[in-house]
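Notes follow once the structure below has been shown.
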Amino acid sequence: MSELTDPLLVINFKTYLESTGKRAVELSKKIETVGKTEGVKVAVAPQFCDLEKVATSVSIPVYAQHVDAVAAGAFTGHVLPESVKATGAEGTLINHSERQILLRDIDKVVERARSAGLTTVVCAGTSKQAGAVSSLDADMVAIEPPELIGSGRAVSKENPEIIKDSVRKIRMVNQKVRILCGAGITTGDDVYAALQLGSQGFLIASGVVKAPKPEDVMVDFCRAVRRFVQGGRV
Amino acid sequence: MSELTDPLLVINFKTYLESTGKRAVELSKKIETVGKTEGVKVAVAPQFCDLEKVATSVSIPVYAQHVDAVAAGAFTGHVLPESVKATGAEGTLINHSERQILLRDIDKVVERARSAGLTTVVCAGTSKQAGAVSSLDADMVAIEPPELIGSGRAVSKENPEIIKDSVRKIRMVNQKVRILCGAGITTGDDVYAALQLGSQGFLIASGVVKAPKPEDVMVDFCRAVRRFVQGGRV
Amino acid sequence: MSELTDPLLVINFKTYLESTGKRAVELSKKIETVGKTEGVKVAVAPQFCDLEKVATSVSIPVYAQHVDAVAAGAFTGHVLPESVKATGAEGTLINHSERQILLRDIDKVVERARSAGLTTVVCAGTSKQAGAVSSLDADMVAIEPPELIGSGRAVSKENPEIIKDSVRKIRMVNQKVRILCGAGITTGDDVYAALQLGSQGFLIASGVVKAPKPEDVMVDFCRAVRRFVQGGRV
Amino acid sequence: MSELTDPLLVINFKTYLESTGKRAVELSKKIETVGKTEGVKVAVAPQFCDLEKVATSVSIPVYAQHVDAVAAGAFTGHVLPESVKATGAEGTLINHSERQILLRDIDKVVERARSAGLTTVVCAGTSKQAGAVSSLDADMVAIEPPELIGSGRAVSKENPEIIKDSVRKIRMVNQKVRILCGAGITTGDDVYAALQLGSQGFLIASGVVKAPKPEDVMVDFCRAVRRFVQGGRV
């Protein structure tokens, strides 16, 4: 597997109690262990208050769930990209379906995050939106149909067209951006199907965080990734 | 001085670089030292990413600058009151002029923050708004005319009426809420004047954070508080 | 019945197709006719695009459903209070549960609307919020628990406490403001019950607009008002 | 000049008093007269409350300044695309710099407006944003650097690169969308320069509305359009 194109699994901790505070650290360690054992790239996106203790406890990439379109200054209650970077985090989600921002601010935040040294993952809810945000030079685009988020019905099975169509629309304007998908992913088969449709990674939340044994689900996901990488590329 | 009514100085770190990351901890320690030496109650409000390292480094109250009106769940990029509490922080600002929220959400956040064990400081920009938020059962109300924030022209000198009028409006509906004021406070005289007008504490940002020697400004403020407490109450 | 204290029925047209365009005029005429015949004060709140043709077709008060906190100037897509006044409308709803605004903007809009000569009806979702907005000098406050809006379960029966509690909280700070209530009102009995609890009028939408025969519902509501006024005050 | 590619001048009335109420009708008539006399396509975008009386007074296209991403239903204070259409208006601006909306909502509004029979003009503040919104299938895209809006410094002279770059980015994803530009346009020379850079029309506000004699400015603009069309295409 090569550094640039290996599928990436990003686990979004949202504001679930199962992934808040000390449990954010414990869950991150489990995810890290599976990723290392299985040889698959993984990352975690904890809450702001947990970023530093997670980033100092694991060596996988840590992402914020959002940053604001602000520079240092008089912006009470905002999330300064530089403050995220100072925790040891490497990147940030932007415009998640549950934390949407203005188009102008997506544009600004991608620039601000980059200037702070953060990797950017911009979320989109439809293939048109995925095409749109690909014009904004993010490092990754994540397609998540909002109606499937948390549903347990996998985007790769319920709506395979949105992945294919997003890949096509995105590649018209941007050859480099990494394409993630998410929403309803709960099994290795969901993962495998999405990779076949052109996805290069995943943004996953409840499928892991709310699972009785998150490590088991991670193993299932990682093995699907390896199966695809070995089969699909040799 | 009594525990309940002693004036309180809350220093809001905003997203100033001078108070981000490690410098948030250093500044908090300076503020704590002056508070202890001078015998005046002080608190700090760092950014989300810095809450835990500040809260574990000092023993003064630490407040968040904002929390969201959400419960644990699928709320990517939001600030869960429980996650703030888990850092060791004791309270939170709400509805700061630079991070305003819907009236409904002020109502909700006060309840959510309280149920998470956080002290609440709701901000207001006019005396009418101060009266309004006093109906929402926060622990403190902070009056800051937005046009004076960061101006260096103290609210207690430029617009003493707003403090008197706010105190009057607030007390019509709420006898217990602690009344803070802020905006443009840069000298001990500004502090003293506000206390005479009925303020029971302060929300201060650039006056301390952007000062060449924040500890000197803190000493000046704290001595004004002591002068008022000793003179005014004996 | 006296001009100032007679109960007032305000019918909110929302963006229902049944009350859009020409049908806004037709419905307003029906409402006007019942109001006159039954001797009860009624008003309508059509969409922005329909304000002028309604206001020139009936002689009852016409309200906008919202105005923005802006003055004349470079504010594309905003609703200038003066432009509403120019249609012949007399007032405006503010901060409806479906069009909530910042606390600061409620404060501003009440002033802007008044300076444009518009009567103001500020909405609140809880008794605490009702108390809060009463500090902002609106002409009327409308209490509508959002969970009951459009439910067909009347606020006056499902949650009579919220009306009583709101009346109490509002009168602590404001003796003059007219108190409306709404949410789920579908029968004359709902109206009568709310008047007994201290309501001085109603904000009603689907109960009238979506009724098979809106005029029949209006008759039912108006007779309940008359029954209360005659019984309650003699 | 051909119907499809003739440059189009859209005059945005914002919430200027000079273009509110009756003055909206008067100004629209002046703009219509110049357009007819000079043989140039013109359109106007008045406030919501003025749409119907303008649309029934002139025969040029009338656009709303904004519509909301809602369908008919319980959406108090929102602008239903169908209610705009019912006034006789033909189209709408979307996401103007002064009335920005979420990326998701731009996507939705374009669809909702089209299903109501409205022409869509989506605004963008940078060339990247212009590229982005071109993925969303609007009929027109309008590029307006916010810092030049109302400045009197024309985008076509201050920042010609943004027009060229936008045209290039837009055409990568969308061959059909009409490209407008705006911001700071006050003379025929500004208009001519923008047409040379690839603009196919204009979104203009203060340059016309706030002019002492709007009809003179319109004549100047229209003659620049004719000069370009005749020179550039013969």
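Per-chain residue numbering starts at 1, and chain names A, B, C and D are given in the order in which the chains are listed.
The definition used in the following text is that a contact is a pair of C-beta atoms (placed from the backbone, for glycine too) under 8 Å apart; a residue touches a chain by one contact, two chains touch by 3 or more.
No experiment lies behind these values; they were computed from the predicted model shown.
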Number of hops, chain B to chain D, where each hop joins two touching chains:
2
Touching chain A and chain D alike are none
Counting C-beta pairs in contact, which comes out ahead: B-C or C-D?
C-D
By mean C-alpha coordinates, which chain is most distant from chain A?
C
List the interface residue numbers of chain A and of chain B, divide the shared ones by all numbers used, and answer same when the ratio is over half, different when under half.
same
Here the gap between chain A and chain C, centre to centre from mean Cα coordinates and rounded to Å, is 46
Taking each chain's centre as its mean C-alpha position, how far apart are chain B and chain C in Å?
37
Find every residue in chain C that makes contact with two or more other chains and list them.
97
Which chains touch, pair by pair?
A-B, A-D, B-C, C-D
Per the touch rule, the chain C residues reaching chain B in their complex are 95, 97, 100-104, 106-107, 124-126, 128-129, 131-137, 169, 172-173
Residue numbers on chain A that touch chain B, as the complex places them:
12, 14-17, 20-22, 47-53, 65-66, 70-80, 82-84, 86-87, 93, 96-99, 149-150, 205-206
